[in-house]
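Look for chain A in each of the two complexes below; its partner is chain B in the first and chain C in the second.
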Partner chain A sequence: MKRFSVFLEDKLGLTTSQVEDLLLSKQTKTINKGDFLLEQGQICSHSFFVEEGLLRMYALNNDGKEHVVQFSPENWIAGDRGSIYFNEPSNYFIDAIEETTVVFIDQPFLDQLALVSPDFRTKNEFLLHNHIRHQQKRIQLLLGATAEERYLDFIQLYPNLLLRVPQWMIASYLGITPESLSRIRKALADKNFAG
Partner chain B sequence: MKTKNIEIVLPPRPAHYVGDGFRVHNFIPSGFRADMQRMDPFIMLDYNSKFEFPPSEQPKGVGVHPHRGFETVTIAYQGKVAHHDSGGGGGVIGQGDVQWMTAASGVLHKEYHEEEFSKKGGFFQMVQLWVNLPAKDKMSKPKYQGIVNEEMGKHELPINSGIVEVIAGAYKDTKGPASTFSPVNMMNAKLNAGGKANFNFPSHYTTTLLVVEGNVKVNGQEVALDHFVIFEKEGESFEVEASENSIALILSGEPLNEPIAAHGPFVMNTQEEIQEAFQDYNIGKFGYLED
Partner chain C sequence: MKRFSVFLEDKLGLTTSQVEDLLLSKQTKTINKGDFLLEQGQICSHSFFVEEGLLRMYALNNDGKEHVVQFSPENWIAGDRGSIYFNEPSNYFIDAIEETTVVFIDQPFLDQLALVSPDFRTKNEFLLHNHIRHQQKRIQLLLGATAEERYLDFIQLYPNLLLRVPQWMIASYLGITPESLSRIRKALADKNFAG
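Right, the complex of A and B next:
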């Protein structure tokens, strides 16, 4: 749980010894590529911190088409916050694009964090607002930006995903067709390739 | 001259697929004591041991992927590979031939079983080796050397022992055609049963041997088919004797002794350069190639 330990220290302000105590009873779980951590209709009871690997959260529309909401590579947290907080059935699926090792985070664990770390509430609020900021920007880009602008934002946010995720999934995340994504990448290459 | 002894003999690890066309055993960097630092300047060696692919209308292989910072050397023992790259290059690596691709600043390429081979199916056997580039050459212009078998240096061994086929560097007075950025010797010892050959390399070079056909004795010690020998970095000379008609791939290169930062298809000197490689790949600096 190396990455999770660093996350607790750096992002949530815990000391090394607090982290060691907290993680004594915690275990990671490794799931295979294609396995689900959440399926539509279930109540999401955990968030999932990614130690190693890559998760995807997506929704299905009425035609059965997948819409990728978020990728979660190492150090990201996946989970349906709405389902967790409001205790309602989820609209989403979370599955593994690669073999993935995750740490399960539930409310009792967060309560424990709040008990041992006086900074936890403030730091957690910061993370929550950072998440909201990200979601707002994503809505704005989907509504108002060109496909190329969305692609350029995507590679800033996820610098090493292009080599890990099939093109059609990236296209789905960007809300464009795989053909459009190819066109954008070809146009960028025409502009930037020196070879 | 002192004998160069075997440090370790590695059996082939369980095979895995690269794409759907290359069924390989990895020796470098995942083999025991075969990490990139120890094997410097050789940073990756995948070995597709002899494997029969059934006929396939759709050629099997590996789709578009980038490389930066090193050279890929593909040695085709059996079967044929077709390749294309984002610089507009392409061609076929025929049986017995070698393709030496200097990825350097970066290319996208894809590799598939050649169409006719794919349709007929048959035995496929190949080595893909990555040779690291010195820091000063990592961002040089990409290039290819297609080396057909006839161009290789052929050194006839005495008393009908066989030949040494030199791809790069030299065996005695016979030179190989490949140009390299740091001293690298690469050769196939094609020995008849009972045939012997002696090899000499500087003691500090990283020196290995892979048995791709038959089986051999190295300094008197049996080394079986598909096994990989790593030599000690002491002594200079060793002897290979074929127990039956055999082929051994021999590699010996001078270590670069530079820091290695590696992430998937990018092998650079620092983490910053790796991040830069990802960014450059994302914005098309490697060009574009249709899958």
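Right, the complex of A and C next:
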């Protein structure tokens, strides 16, 4: 759990020895490409910290088309808050795009973090505000930016995903057709900008 | 500050006497319709609790077109977290659609709340998760729902705004043209569903 340890120290203000104690009883789980951590209709009881690999969270619309809400590569956390905090059956699926190793995070573990680290709640709030800020930007881009601007933002947010995620999934994340994405990529390549 | 007092008691777990003490030195500010609380390029140093009235938060895209990110009627909070917590010049405008009375909220006030109420941080985290959940749903709808589905969701989220917000602003929030909105409203009226 190297990445998770670093995350707890760097982002949540715990000391190395606190982290060692806390992780004594924690285990990781590795799932295969294509396996699900959450399916629509289930109650999501955990968040998933990605130690290695890549998760995708998506919803199905009424026509059965997939819409990617979030990719979670290493150091990201996936989970459906509507389900975790409000006990609602989830509208989402979370599956693995690659073989993925995750750490399960639940409320008792977060309460433990708050107990051992006086800074935890403040730092965690900061992470939540950051998440809200990113979502706000995504909403703004979905409303007002061109597909090309959204693609460039995607590259900036997920610099190392371009070769790991199939094109049609990136198109789904951007809310455009694979054909449009292909045109955008070509136009950018012509501008000598991206490959 | 009647609504703000109730908010602090009901949503953030403070007692009536704690609220009375805390609000002794707080004042409200009333701004006119069309006035700004935040303009693009400024640092946003406060959040704004809406005691009475209606705020709009929007961004301009490259063509100078407005895109509504959020409406904030009574009991909602408006503010640009990217600017408040990360000290970045804001990308957003916040203005008043009606004459609006707000309570200014800053970090020292939040720290005070955390000091007097042991439940505050947990309850505040809950509100943040709820906000993330709503944004996630909005992203999902922008990606995968029809304009009609988005309009019905808008009515559900903001039941009392239909008559308070001009149609073109609702269209801007939904990411569609005013003409499309007008068609959707007509189709729904024909179905005897909404006015």
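The working rule: the second predicted complex is superposed on the first by the 192 of 195 C-alpha atoms of A that agree within 3 Å, B and C clash if a C-alpha of one lies under 4 Å from a C-alpha of the other, contacts with A are read in each partner's own complex, and residues count from 1 in each chain.
Here, contacts are C-beta pairs under 8 Å (C-beta built on N, C-alpha and C of every residue); 3 or more make two chains touch, one makes a residue touch a chain.
Quantities reported herein were computed from a predicted structural model and do not represent experimental measurements.
Undergrad: When the two structures are laid over each other on chain A, do chain B and chain C clash or fit?
TA: Chain B/chain C on chain A - fit side by side.
Undergrad: Please determine whether it is chain B or chain C that touches the greater number of chain A residues.
TA: Partner with more touched residues of chain A: C.
Undergrad: Applying the touch criterion given at the start, work out whether A:150 contacts chain B, chain C, both or neither, answering first, second, both or neither.
TA: It touches nothing on chain B or chain C.
Undergrad: I want to verify one number. Taking the Cα centroids, what angle sits at chain A between chain B and chain C, in steps of 10 degrees?
TA: With chain A as the vertex, the angle is 150 degrees.
Undergrad: In the overlaid three-chain picture, which partner chain does A:160 touch, first (chain B) or second (chain C), both, or neither?
TA: Only chain B is touched by A:160; chain C is not.
Undergrad: Mind working out whether A:46 is in touch with chain B, chain C, both or neither, as first, second, both or neither?
TA: neither
Undergrad: Look at A:61 in the shared chain and tell me whether it touches chain B only, chain C only, both, or neither; answer first, second, both or neither.
TA: second
Undergrad: Looking at A:185, would you say it contacts chain B, chain C, both, or neither? Reply first, second, both or neither.
TA: first
Undergrad: Just the number, please: smallest Cα separation between chain B and chain C in the overlaid arrangement, in Å.
TA: For chain B and chain C in the superposition, the minimum C-alpha gap reads 20 Å.
Undergrad: With the touch criterion stated at the top, can you tell me which chain A residues are shared between the chain B interface and the chain C interface?
TA: none
Undergrad: Tell me, which parts of chain A touch chain B in their complex?
TA: Residues of chain A touching chain B: 152, 155, 159-160, 162-163, 167, 182, 185-195.
Undergrad: Note which residues of chain C are touching chain A in the complex, please.
TA: 59-62, 65, 67-69, 80-82, 84-86, 91, 121, 124-126, 128-133, 135-140, 142-145, 149, 172-173, 175
Undergrad: Which of the residues in chain B come into contact with chain A in the complex?
TA: 65-66, 86-87, 105-107, 141-142, 263-265, 275, 278-288, 290-291
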